[in-house]
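The first chain written gets the first letter, and so on, giving A, B and C; residue counts start at 1 in each chain.
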Amino acid sequence: MTTMLIVENFGKTFTLHQQGGVRLTALKNVSLEAHSGECLALTGPSGAGKSTLLRCLYGNYLPGEGRIAVNSRNKMLDLSRAGPREILEMRRETMSHVSQFLRVIPRVAALDSVAEPLLEIGTDPEKAKKAAKSLLTRLRIPERLWSLAPATFSGGERQRVNVARGFIRPWPVMLLDEPTASLDAANRQTVRELILEVKNGGSAVIAIFHDEEMRRLAADREHRLEPPQGAAMEPPQGPSSMEPPQGSPSMGPPRGREGES
Amino acid sequence: MTLPVLSAVEVDKWYGRRAACRKISFDLHPGEILGLVGESGSGKTTLLNVLAGRLTPSGGRALYRDENGEERDMHQLSEAERRRLLRTELGLVHQHPRDGLRLRASAGANIGERLMAGGWRHYGQIRAEAAQWLERVEIPADRLDDRPTEYSGGMRQRLQIARNLVTRPRLLFMDEPTGGLDVSVQAKLLDLIRHLANHLRLAVVLVTHDLAVARLLSQRLMVMKDGESVECGLTDQVLDDPQHPYTQLLVSSMLQV
Amino acid sequence: MTTEETGYNFAYLDEDSKRMIRRAILKAVALPGYQVPFAGREMPMPYGWGTGGIQVTASVIGPDDVLKVIDQGSDDTTNAVSIRSFFAKTAGVATTSRTAEASIIQTRHRIPERPLKSGQIMVYQVPIPEPLRWLEPSEAETRTLHALKEYGLMYVKLYEDISRHGTIASSYDYPVEVFGRHIMSPSPIPRFDNPKLDRSPALHLFGAGREKRIYAIPPYTPARSLDFEDYPFAPQSWSQVCALCGAADSYLDEVVMDDGGQRMFVCSDSDYCASRLEKGGRTQ
């Protein structure tokens, strides 16, 4: 078991200049490790900063105090010292982030969207398409939708496209933010199998699960986060009750915010 | 690790006592798109023009690494060499197609001009290459002999892109390429730019005031205000976890759909 | 023969103006095909009537010169007659319609068919000296394009011709590259005459009165008509011969004979046609 990720005394505070410079502490003194081949579930009440932590791990939020180090290509990359190019490389080579919400790229077909992470690392386009098709099939996306842009899909369909995109490659570190939130039992089961497969393939999975059963079945370990002291000001919720608390409530889109580019 | 294709080193531009750009520095690598965002008058277009060698900076340097790996100071080049680079290894897509196209010449001639300037002397080959690029920007090849004045706004902008890309440039400057287009037309163009930049490993400096455009196209973002870079970083990080009060204001002012 | 008028300097222009124009001509000869700006003078005729050519002629002509003036290949059209009489009056020089006898030939549209000799000077009246003007309205930009030898734009025009008409349709004012350097407008001769410019023994001087530019092709200088590899330059050709003299190597004008639409093709160079007839060419 290789250590893939180390979080030490990590804390994250947001300063909201639009609201008189109020400071919100979202995370404080978080320490954890994740290893290859295991699934670590983040637990804790709403407002404990679970999603915020995943975003910090992915480099979507700037690192705060303490340290986050990611094992990227056998080197520990300190996120607070990494430049944008190193973070992009880490995302390409090492880490994926599956949020609940798919950021739709206009006009890009579901199939191409799913295949894209493979094309980025130079996989043969035919092979990439084949892999994408098989994953979409497993997640029960009807074939007639494959060539359409997911903009018009239902919430559940979009999420499954998103999951497919997140699992098209077995990244060494995979961050899952409520990947099954709006899925039916059959698809939840498929996601559980996918997690098991990448785990067996040696990935370290760090996940937030909204339902107990999924967590019990998929996770090997749990790490509980508590709302930090002094975070009495609960950030307002996004438009969806399913969305985890956001660290920077007054800004940023209400939908998923993974680092598409 | 690749070497940067463009480096801005403390670029300054003053108009009298007013600073249009102040000490702007960044590196841009092959395949990267850097978004320059900010409101009108923030200095982003001035910066673009300085970087492209169209304006002389008051201080600092814009260094372009040419295809032989040699670093060239855009403002130390002879005019002949600068213009040669601008029509071969570099490209500039203007906000208004009329500034970047020859409206009196056909689409084919517009695309072929850079080839002819580079010494292509076979009409059939020039025409075939132009037709191929027209199709790559999703304009039917049977529009090759039409003038840009017979094109829609979105098609003109795509024609302008084809005209620039025909010489396989390594670095492209784009000034509000989607400004003034209908939303549906915009989406098509954005997708095209994204696709082409990916496939050609183009480095792009993209000026836009539209944060959604920047999020879709650029990996990195520089937020400008009053000629200064107030924040620079990964695009999703700058937009989702903005640090500077001005960036927070910009992001919170964005319309949501 | 018109008698010489008094009250004018020789050849109308004052000596200082001539000296200034000669300096421009020398520069133009030294930089073949390059458009030299000069301080064009007002002439006693409107622009478009050949004021540029007349100033050049006035600056190079001497009392011993023999002047020929042609317009549309003919020595007898209004413009040709009035320019010839202008110099006969103001310089008292001999005039001729015979190409072989002339030392200076001022022309508007043609180069004579009879091959030019060393020592002869062709003077052209040019309406628009800038070959790039068609696509680039800015004079500053076209001068930069010439300075940097950026001639992609010139080919854009030829490209447009082919895509519009299936062939390079410019039948007049067909651009040439002079001495491998400058691109120049041989304005407004037909492209039939372009080959006569190439390595010609004569000196060719071009004067644009309105735009105040002078340029030149010195004797024996290469002047290459631009083209594409797959659309090579070709002068015009006719399936007919001249209906009067039977010449097959001459530029033909189509002449409408009557209201019934009867037409015939005759030499545009009236001197050439007449001299062939004198030598016993056929008549109708």
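Observations on the structure shown:
Here, a residue touches a chain if its C-beta (ideal position, glycine included) is under 8 Å from a C-beta of that chain, and two chains touch if they have at least 3 such contacts.
The shown structure was predicted, so the numbers you read here are calculated from the model rather than taken from an experiment.
Taken together, the touching pairs link the chains end to end in a line with two free ends. Between the chains A-B lie more C-beta contact pairs than between any other two chains. Put simply, the chain closest to the centre of the protein, by Cα centroids, is B.
If you average the Cα atoms of chain A and of chain B, the two centres end up 32 Å apart. Chain geometry summary: the mean Cα position of chain A and that of chain C are 77 Å apart. If you average the Cα atoms of chain B and of chain C, the two centres end up 46 Å apart. Against chain A, in their complex, chain B makes its touches with residues 29, 33, 187-188, 190-191, 194, 215-220, 233-237, 239-245, 248-249, 251-252, 254, 256.
Here chain C touches chain B in the complex through residues 134-135, 144, 148, 150-153, 155-156, 159-160, 162-164, 228-231, going by the rule given at the top. In the complex of the two chains, the chain A residues touching chain B come out as 14-18, 55, 59-62, 84-85, 87-88, 105-108, 247-248, 250-254, 257-261.
Contacts from chain B toward chain C in the complex involve residues 79-80, 83, 87, 102, 104-106, 108-109, 112-118, 121-124, 126-127, 144-145.
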